[in-house]
Amino acid sequence: MTKFLDELPPREALVEVARDFHARGWMAGTAGNLSARADEAHFWITASGLPKGRLQESDFILIRVADAAVIERGRAELSPSAETAIHAALYELFPDTNACLHGHTVTACVATARTAAKATALRLPPLEMGKGFDVWEQRPRADLALFANHLDVARIARDVRARFKKSRPKIAALLVRDHGPTVWGTSLQQAYNRFEVLDFLLNYLARR
Amino acid sequence: MTKFLDELPPREALVEVARDFHARGWMAGTAGNLSARADEAHFWITASGLPKGRLQESDFILIRVADAAVIERGRAELSPSAETAIHAALYELFPDTNACLHGHTVTACVATARTAAKATALRLPPLEMGKGFDVWEQRPRADLALFANHLDVARIARDVRARFKKSRPKIAALLVRDHGPTVWGTSLQQAYNRFEVLDFLLNYLARR
Amino acid sequence: MTKFLDELPPREALVEVARDFHARGWMAGTAGNLSARADEAHFWITASGLPKGRLQESDFILIRVADAAVIERGRAELSPSAETAIHAALYELFPDTNACLHGHTVTACVATARTAAKATALRLPPLEMGKGFDVWEQRPRADLALFANHLDVARIARDVRARFKKSRPKIAALLVRDHGPTVWGTSLQQAYNRFEVLDFLLNYLARR
Amino acid sequence: MTKFLDELPPREALVEVARDFHARGWMAGTAGNLSARADEAHFWITASGLPKGRLQESDFILIRVADAAVIERGRAELSPSAETAIHAALYELFPDTNACLHGHTVTACVATARTAAKATALRLPPLEMGKGFDVWEQRPRADLALFANHLDVARIARDVRARFKKSRPKIAALLVRDHGPTVWGTSLQQAYNRFEVLDFLLNYLARR
């Protein structure tokens, strides 16, 4: 636990983040997906249906950014989660993104339950913690992009792509209602830090 | 913590799950029982009255599915908990069940305290997390079977047997009011994952 | 963590319990005291003013049950906490008591804040978890003895002694309002288990 | 974890506290700063922008108390956080202060959200736990100094200095609204203990 995450090989670092997030209740069951860019055109992502507290480095799949095609599997029987398409969209839209973390949190679900059903954004509270997303304003009015949940995850991915193509969000994160947050960063350490920051902000909203 | 639970010998895996659940507050005192099928006709279950964070592989009892009779004790002084009858009922009713986990959680008690006293089911919230129980619907209407608590645990076991004989529940779990959840699965890993999923859903209900 | 607590030497076991309780937030700062009977006439108790997550076996004081006098100090500079008098009262009143654990918990303070200011008992909720205190009733009406807090701890000890001399409480625990619970048992493992059980019940009251 | 914090070299001890506070959610992202006095005129403080769960002893900066100037950097690329000025003010105002811990907690933000917007103090609840701040009164009326948050942290430091110059606060801590607590002590262990104590008190206010 002493090296910064980006000093570790990507899959080794993701195994560590997965164990950490699972222990915090952010990846209950087999929920969530974590990915890190392997090179300009590819990223490694956790395979579908595995318990995230017990991953090994062979539990990842290499995905092509351009079309979300599977390029390599750590083990033959692994398959990618439907949410892989959301990761691919983010890596393609934002070339400076090198890691993308998606979890399911009770705090996020409770915070969105208190938001109007049709809202497309969740106003983050004006706490100092907001600086963790590089919001440097006295009383920031920072909005987190909010998306409707769909059984068909490909549809969520299309919604994300359509909306973020028009304008890059100020907060490098999105929230799917009744589902959970996705946070990205220029490094895995940054994405990890910001996932914590977002949970702090949502936990505040849920407890206030 | 790197191997999946079913790659470990059953009692070794149950010791690990017990320590994990205890650390989360799901087996306070000596509460709860964990079991795994040993063969078609038998299952290993934690003995009664032991602190679940400190079990050893000799702290289990081998039970016959057909009549819940004790077949083998890890140590002579061990006795089975009354709740063993509920496990036996589930293994008998659902032959594809290979593990059964029963804990006591504050979230389950708080969530049921908000349910009508005579309710026989608790509607789970329509969160993405519901997919952890293989509910693949846009806005799922998934009900968790709810049972009244009785001092005489054998009566709960009879209620469970009578109700599930008629129809297998869509959600592979049950909740005894003022008591706690029981979750089963085709593997220990699946039952473990789903216990987490159910706690997520009940925690949402308790915090909403 | 695999041996039951009473298989360890008393001070070694108490060091472990102290680290555990501290990690759960039940011994914030230097709060709380843990003790175990050394022989019929004496008990070992944690010294005053030490951080409970970092104790060593030399951080205990041997106290005489009869008058709470200090008999031996692990290190010359150690002094007993004022709350030692409460432990002494319990060991004297209940000769079958072999361990006594006192912590400060937010849940206990929140639960009592919802109780009438003059109440001398807190009705425990009728949850299955109550069996952890050997309450075997269908809908138990179990009361936890509630005491007023006083700056002068000796006065609390006198109140405890006066009340419990008249009748032994059904629940082997007491709660000092705005302060925290004290739980005792015939063994350290039992007292430890029941501290967890009580926290479960109070957490339910605080969250309900 | 067995030695008291002040028995360790200062930076080694701060690395341990940082990992501990991060694990509790008190230093999400890269939030917070921890410092310890090196000698009468200098203190070591965590560098800006680093994830606090992964610090090494080279991740600190030596600061001069008198003017908050950087005297030494563990690594050339490190820079001090703007909040260093608050630490410097406290070390200068209170020469018996040897450690100063600043974190961001959800409980502090929730507790202040329930306080009048213009309040300059937050009344701590009259719990036994208050003794952790050396408040020995029957029903203490202890106030925690409350400061407005400013984007320009230097302004907070000036406010702190101006107010505490006039009178030393009874409670060795301060709270910046929408931001988080800062706690100091005559030793690192004392500051650590009191950070826990303050969180207990604020958690009570947030949950009550």
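The first chain written gets the first letter, and so on, giving A, B, C and D; residue counts start at 1 in each chain.
Everything below uses one rule, namely that a residue touches a chain if its C-beta (ideal position, glycine included) is under 8 Å from a C-beta of that chain, and two chains touch if they have at least 3 such contacts.
Keep in mind the model is a prediction, meaning the values are calculated, not measured.
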Chains touching both subunit A and subunit D: none
Homomeric contact subunit B-subunit C: same or different residue positions, threshold half: different
Distance from subunit D to subunit B - Cα centre to Cα centre, in angstrom: 44
Rounded Å distance, subunit C centre to subunit D centre (Cα mean): 31
Subunit C, residues touching no fewer than two other chains: none
Chain-level touch network, classified as line, ring, star, complete or other: ring
Chain pairs in mutual contact under the definition given at the outset: A-B, A-D, B-C, C-D
Of subunit B, residues touching subunit A in the complex: 1-5, 125-129, 132, 136-138, 189, 192-194, 196-197, 199-200, 203-204, 207-208
In the complex with subunit B, residue positions of subunit A that touch it: 19, 25, 28-31, 51, 53-56, 104, 106, 109-110, 113, 149-151, 176, 178-180, 206
